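What follows are several structures.
Next come two complexes, and both contain chain A; in the first it sits with chain B, in the second with chain C.
Take a look at the complex of A and B:
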């Protein structure tokens, strides 16, 4: 790993400028911190040093040869040069050798646009190739995992994936077989990689050797926008960025963002499934009112009026809230300050998955609590003096003989295997049930009084509180392509102001 | 499933104990297996993983890296002929062509060929160039005239 935690510091010169770093820091890590770009393939801050790509050459004053900076510890008084002609020349020829057997199939390669070879050719290469030899042909489009495709011709043998398998997942599923220009990355025989962290291999592969089955050929990466968010897939709360093409109204992929405290450089494959159910065709797009066993669409103001009239109609009767732990702290705060403080609602039920195993943990990132904000929900409830434990109270809600239920459904049906079953049972209640949801499926259950479309997690900002009690910020929000969708806070604000107006009248 | 003999198992265990990590012992362990079975195949590698806890991928990386580890059952007699400089000057090419001729005569007679021929780097006896090994036996000053006689000794 790049840096070692100590208090001792060393000062050395990087391109003539004094740089002070903790003792044990490599020149590569120090340069990265100082935003000095040293080209590299095999070095990755989350993995051990291999020193196999020989690309990150630097010149140390007083030493006869160039050295690799990823395995060079900074020592006091060292004078490192990364920009001289000698160094630049070595980068250029290192790149030519990396490309010696590379098929140069960028036009059909999924990595194009975020490929190390392309990037470095433009920044440190730009040579005219002197290679006249035939390229070595190797196996292509190998199916090496549930989510992976491997092209061994594009591979530059940086061994990042091999080290990931050995060090992070400790499965040791990948190796470099054979030797010299015939060497290829692969699994043992026809075996497949099956663990829950496969797509990290696609992320760390600096070239197009590993590509994702899910994302392959879907979109060119330069068309994608990227916004920082938090993975709502479990209570760990990994920092992620969501890649989307807003003009196509489609979310394409999720990638991990570096977060030292929570997820480091990685995220799990379960977390990448959070985008399922976010397609426009799977979303509830309009407000629906039930009228004589049929749903009819209605406008946003009409829905607000309808909800307000329900609230006045059921004033003094038993009103319940059924909420899942997949909303943000801000939403809970707003929801409870209205319903608990203003409307005097005291019966609040948690809507959780039947199959959840709260204490499961896979030892890396994934936790059994598949809700991002269980802690936040409990904290908010406690703040409004409703004492709760983590438990599934769906059954209790069904038998609570409430007159009016406002049900805030889970936003990720992928982590809720019993979602449809729950909907069916909820819709058969005698009580008047208003369902706030993102899912199109809700339209199949005619018993609900009304269906209110919500925006989903990539479309909002706010905070989750993860299992450790850390606040996790959803920083960037895409404009929702569900134009009739409600933001929970806005919705409650409108209800609140309408109630005030009606009280004044 | 191919089962390792007790003696082999004992040897493997002693190698595994010798190093800090099991992975470090792969080279000598593979040598022992090749000595017993003449080659190393999937069954041996998987047995190593099952009985001795060596990762199969790590073992296979080593097996495929070194050409001295054989992954298929070799012919009864392996001819290793030096094709480095000294022997080359003394006529390796011609002698090897002669051996090929000799071997093709088996095909004509529809007899099973007991020999395999490989060119290998320097055997360290340039004074006796051209040099060759037939299994463990060393021959110096091999020439087109005497090579057939040598090989006939093995197959009578």
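Take a look at the complex of A and C:
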């Protein structure tokens, strides 16, 4: 690993400036911390040091040859130089040799735009190649996993993927075969990579050797916008960035961000499926209202008026909240401060999947609790003096004989195996049910009093509290392409102000 | 270069003298025009006017008109859906949807390739950006489509419309084709690329 946690510190000179780092830190890690760019391919902060790409050469004063900085421990008094002509020349030639057998695939390669070779060619490249040898051709577009396509020709043999398989997932599914210029990365025999962390290989591959089947050829990366968010796939709550093209109203991919305390550098493939229900055609786009045997769309103000009239009609009767654990802390707080404090609602039920195994854990990241904010929900309830444990109270809600139920459905129906079944049962209730949802499936069930479309997690800001109690922010919000969609906080604010006005009147 | 000598603006305040200067100059100019008219009336000189559309206009081979997509030697579209034309396009008029080709030697090809010709400004950047000579701006300058509705040119129209006589072959095809390599053994040394190193 890049850094070792010790209290001892060493001070050395990096390009003439004193740098103090914990003992055991490599020059590469120290340079990264100091934002000094040393070109590298094989070094990855989340993996062991391999030192195979020979690209990160630096000059140490007093030593005859250049050394690789990724495997060079900083020692007191060391004077490291990363910018002299000698060092730059070595970078240039190292890249030249990496490009010796690399095909000119950039036009059809998904990595183009975020490729290490392209990036370094522009910054340290040798623009006039002196190679006269012909390129070695290798197998292309190999199917090596459920989600992976391998192009051995583009590979520069940095061995990041091999180390990932050995160290992180401990499956050891990849190896380097053959020797010299015919060495290729591959799986053993006809075996396929099947674990739940495959797409990390695509992320760590500095070139386009591994490409994701899911994202393959969908879009060029330079068209995508990137916003920081939190994965709502399970209670680990990995830090992710969501890549989208807002003008096309499409979300394209999810990539992990580094968060030391939560997910490190990785995320699971289940977490990358969170975008599956976010297409416009799978979302509830309009408010729906049950109006004298007719289920029809209505405008936003009409829906707010309707909810207001419902609240005043059922004043004094039994109102219940059925809430899933997929909303943000802010939304829970606003919701409960209105319903519990203003409206005096005491019956709040948790809506969870019937088949969830709470204590499941795959040993790396994925947890059995497929809701991002279970902890946040309980914390918010505790704040309003409602003490609860994690449990599925859907049945209890059905039998509670409430007159009016506000049901806040899960935003990720994909992680909710019994979602449709629950919807069917909820719609058959005799009580008046208002369903707040993002999913278009709700339209198929007749019997709801009203359907309120919500914006989903990439379109809102807020916080999730993960299973450990780490509070993380959903920073970036894309403009929602569900124009009629409600933000829970805004909706409750409007209801609140209307109630106040009606009380005054 | 012909120079017409124009009298200097009158220095004194004699209005008639000043007007005389102007009138003579205008008459000289009109004389030149009328002489050309007379010459052309009696067919002593050729007129430059083209009676389009009765008479076809010839714009020369380098004219950047209506786009077309070139073909591979096997007749498929040459485009590899690299999106470089769409990236370079200042009018944002190219829409591409890429797909996986069943042949591993091609890999990527455009499922849809559409040009919104009403947005196009005929700058020719798409042609410049294309790495495989797949899109060119041809000599056709009549943009009226056959049925008057198709202002978005589809891939099929761009590859093989009647004016193209069955399509035009790309100059970059066979020389850069990648043979399919299934396994890499010591016998397969002949899988050496024909591509010579130049500039990367």
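One rule holds for everything that comes next: the second predicted complex is superposed on the first by the 501 of 505 C-alpha atoms of A that agree within 3 Å, B and C clash if a C-alpha of one lies under 4 Å from a C-alpha of the other, contacts with A are read in each partner's own complex, and residues count from 1 in each chain.
By definition in this document, a residue touches a chain if its C-beta (ideal position, glycine included) is under 8 Å from a C-beta of that chain, and two chains touch if they have at least 3 such contacts.
In this text the structure is predicted, and so the values were computed from the model without any measurement.
In the superposed model, A:258 makes contact with neither chain B nor chain C. Using the contact criterion defined above for the overlaid structures, shared-chain residue A:97 touches neither chain B nor chain C, since it reaches no partner.
Judged by the touch definition given at the top, the superposed model places A:107 against chain C, while chain B stays out of reach.
Contacts of A:187 after superposition: chain B is touched, whereas chain C is not reached.
Touch criterion met: A:121 reaches chain C, while chain B stays clear of it.
More chain A residues lie in contact with C than with the other chain of the pair chain B and chain C. Judged by the touch definition given at the top, the superposed model places A:178 against both chain B and chain C.
Overlaid on A, the two complexes show chain B and chain C touching the same residues of chain A, namely 178. On the side of chain B, the complex with chain A involves touching residues 42, 55-58, 60-61, 64-67. Residue ranges on chain A touching chain C, taken from their complex, read 99, 103-104, 106-108, 121, 125, 127-129, 131-141, 152-153, 178, 182, 184, 216-218, 220, 222-223.
Residues 80-84, 87, 98-100, 104, 107-108, 131-132, 178-184, 186, 191-200 of chain C touch chain A in their complex.
Residue ranges on chain A touching chain B, taken from their complex, read 172-179, 187-189.
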